[in-house]
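Mind having a look at this structure? Questions to follow.
Chain nomenclature is as follows: A, B, C, D and E, assigned in order of appearance, with residue numbering initiated at 1 for each chain independently.
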């Protein structure tokens, strides 16, 4: 559907009027929101607003990075709203002209709904302008990035704490998923950050000047988010490396013990083999204390081997 | 062959006229397409159009990156068209003068053929100019990069899903091939992206000004493509690392079990060796329950070893 | 609480006056420090100083990177003070107007307390201005980064010296913690460095001009710190790689010895097995010197194997 | 020796005149080539041409990267020619003044000899100038980089094809050598690329303006070469990683089989040990079918183990 | 001590005069060198020269990167001289005013001593100025970096040649030390390089203009050094990777041989175990050729196993 909000010259808010009523000269500025528009409604972009075919094409297909294009008489923005659950992005397209703002989104965008509610509840909107609404939408969109990043940070911290409880397979799968999500978020956040940088620094936005500090505030948030994502990526790769090293070391300790045990029994078993041979003439077999002698010899061999391993430092591995 | 399209001052489209007819003053602008030209036709570049020897050399040899050179009176572009199957690039060379465009390609380029068809079918070409045709060709060339990247993304996703069914050798070969293809595509796409950046931002293209927004639209696509390639490369290296870790872990689990089994049987086998020796005087052998005692001892040893391994935590590895 | 320091036109220092007394025209410049302010005191930021809502919001929530915003009539800085023990950062917010400085911090900041003491003890403050105090605070904050970095460097050097005493698990945990701390410090220091760069190079600070060399001095320190952190990160990853290589090599040496020992005893034990079989007709068993012959054979086999290993160079592994 | 070529005002080519004859006013421009000069000849740089001591020093010692220095009245270039066999670089120093070019090289440079031949054979030199000769030399030098890079690409492709025939030691040595050569080439090519960039973009070369497109053409080649080297380095590291993974996997398969075989025989051998003990009272030994029973038990144990391994999925490793 | 050199208006060199004599108007320019100054002498920086407190602080404490500060009336440089043996850096601080240069160093700097000797021996100093001396000092300092880098390159080459003679532990320690030294050198050289870049390109040095080509010459050397260090770091990491691969491969070959040997003897030993059992009724034991039959069977088993391994390609590993 299409939601319309307009501020009259008398600074009064009127809502949900018909789009053709708006050519009324009494209107100071207005905001038209195309919320999951019907095909009929989409046609208004061209027939009523006369927007450029390329911009309308960008609205229709989801193949955009966040961006900003300058057309004659209006600017065209593409923003990415984040679905917290899936970390998928949803597109919000905005046209900003001298005295109007048109927003367009093919999915339900909670952040825009909240802006509408806020305007209705808040009496001061008459003193603001349509750029202020642009700022509110952006602010809401960006604020929603934070819980997504915090959730990932929590997951990473949990990895750190419970690391001993996890098998490597589980840990590696978690890390892979986390890194994948960080990649997705980075794409969105860095593009949005660069877009905000352009908004706050470009010459094109002289008429937004008094609003600049508000967009700077959002840019701050995006810088912070971008920094958080970079350190989280660094931390995940450190965790991976540490975990692999420690696990390899643990395996080694086990293998070592096995090796030591086997190294002692291999010669002993050989000795038992020797005296298990069936030769007719084996003088030791006749000795009265032959058996005990050989048990003693085996004990001695074990001790000598243990001492040798000790000297070589194999018990420290 | 050489295809000629010209627009007369009366905004009519004429086609396939002789190249020498064109000096006719009635022509507003024209497009000459050298499609797999014969040696005779190639000579027209010099004899008829008087293009610079260096530009003609660039047409003849395939040793170019996408690029843009400024010559007096015309600009010279090299574009790379993509063969979707092989991911090999094919060169399209374009000269753009005040009222003409000359395209040159030594292989059949589907994208150019499509542009020709579109112009013939479409009546509005009289209202456009030769720069618009340049844009159409570029747009078609770049649109063809997408299926190539999507195909690679699909392959990567399939790796993710079926990872358990593959042997490591198959997976590594797939990853190597995918990364190789991403490298090839990156070379093409990044060069084209930088070229489009120059087109949309250079001072040389003042007369393209009204077309700028169209070239920006193509630049957008290339930015998106470039970003997709970077994340896909990141994802493949994460997959490789994850898969190696998980596989190593699986090997370790198997080796561990083997180690545990062997660690138990080595001492037991040693004991059987002891009582398999043929000494004449081995008192235990005479005991009536010697055999069962020793079986019990061996059972005890096994249990003690298992308990020890359990305490050491070796079963969790 | 709120600490006030003011310099009168007669260049005298007055302290802890009431904030409403300050509109007194005799005051040349003043510094107001909000040290863990009460909710009541926080409201002064808006009611008394009329600071912008966005700046006040930044004071209230800890979500900032070090930064600098230009508001009409004053500049707004966010600095990060370091808690040496935890390496956590604490925020110090500063407003700098024509003739005043307002600092705001929700935790006790030792560095600011020291500045206050220094001013009281030092008689020359009358000849300075509020920018000089800004510099003193920054200088103290940055000076406190050094012991944190030195402590990490010491830990790294200790790793180098005592490397043989550590198990791999301990070393890897130390390295992980060190790298984590370096990441935290890098975030703080690099942001502060970039902020100082802006202060020394921006056009906005013409009235700070005579102070520029002092801020440059702090910038120097931050450059040095940033460089130290980068090399320490490089060194830790080299230590990790070296240690893993050496440890793997040590494991290999042990495994090799085991392998050599086992490779010799396996054939020997097989031979004893052969002559331990109970076949009725085994002619060798009847030979008078059969036993000694077979002992000799086994000795020979051992020697041949040792020579073969020697030739193959296995003892050098 | 010193080769001199000069073009008279009548556009005639004169050769191998004495250097002192040249002050003749009839000469339009000239080229002096110091080809492996004697000590006597080297002194001309200072005595005759009055070149700066620093530039002469750069000619004498081989410690240069390709570079460009602006001296009063002339520019000084250092180029690197490539010895295709060894990939060692040889230095070519060039002084370019208003109406002369002086080249200097302490080894025989084939590329310069070719330029000399081309000029003699070609009649049109009278219409060109000394900058054109500079271009010819550079073009020849850069053209010689291509076969070196192609040779490395061929080696890499051969690695890909014959990978199964090589031992790891051979492969790793090849890769190390290839990467080493790529490093050497990268150093040369990137420096030359940056130098050409300066030549085509610097303000100092206004008098080269009509030649700019020729230097751009060489710059193109260097960009292409630089790009080829980067992707080849990426490919070699992918090959290394793939080969190591596949080889490790192959080793693992072998070790696995060994482990499975051993895991089955260890318990069986233990059983034979039990019944090889010499206790007087071992009831099973007296059973008539004891032997066959125990053979059956051993068969059963083997089958159970095989089934267990199968269930655990160990045969898929 | 403090060394003074001054050039009179008559272009004569006077030495070791008292510092208070220098206010003499006959002096054209002078150089004061504080060589390991006493506390008394240090005070001259403030009392005599009136240098800024921040610059003097930088002289006193060694916490500087090479840098350049602009003070009113003079520039302040910090250079790093290299101790070839330890690769530790020593600080040289230089103040350069209109007609004087003051150098300050708390350790003995050989390079400065050499400059002093050169000036005394060389008669032409009267025609130069104090900037020329600055250049001489810098040139000497930078020239001393080369032997340090060459020494490291020699060590790397030796690693390449003697690689087979080293154990991995020795090699890894060497590489770690080399990489550590390269890091240290890189820090020094890159900072000095950036400093020289500022000197040759800054607007502040207009009065150094005629000297610019001399500083460019030093900058060249630093670029070359920086490049050498980067490739040496790349080479060391390639050596490390190659050596690890080759060593792992060598271990694998040995383990393989062991595995093959063991895989053959394990089943054979099992067979001997079977016929070593003491069952009363084991028909094979009674056969006259039972023993030889079973020897034949074991031979057969060995051969079949060898053939199977051959087919599986295990001998190529």
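Basically, a residue touches a chain if its C-beta (ideal position, glycine included) is under 8 Å from a C-beta of that chain, and two chains touch if they have at least 3 such contacts.
None of these values were measured; they are calculated from a predicted model.
The rotation relating chain A to chain E, fitted on Cα atoms, comes to 145°, given as a multiple of 5.
For the self-contact between chain A and chain C, the two sides draw on mostly distinct residue numbers; the shared fraction is below half. Distance between chain B and chain D, defined via averaged C-alpha coordinates, is recorded as 24 Å. If you average the Cα atoms of chain B and of chain E, the two centres end up 39 Å apart.
Residues of chain A in contact with two or more other chains: 250, 255, 262, 269, 273, 276-278, 282.
Taken chain by chain, the contacts form a single closed ring in which each chain touches exactly two others.
All the chains close into one ring, and from chain C toward chain E their sequence is C, E, D, B, A. Contact residues of chain E toward chain C in the complex are 52, 54, 57-58, 63-65, 67, 69, 71, 167-169, 172-173, 175-176, 179-180, 183, 187, 240, 244, 247, 250-251, 254-255, 257-258, 261-262, 265, 268-269, 272-273, 275-278, 282, 284-291, 294-295.
Chain B makes touch with chain A in their complex at residues 213-214, 216-217, 220-221, 223-224, 227, 231, 234-235, 238-239, 241-242, 245-246, 249-250, 252, 255-256, 259, 262-263, 266-267, 269-270, 273-274, 276-282, 312, 314, 317.
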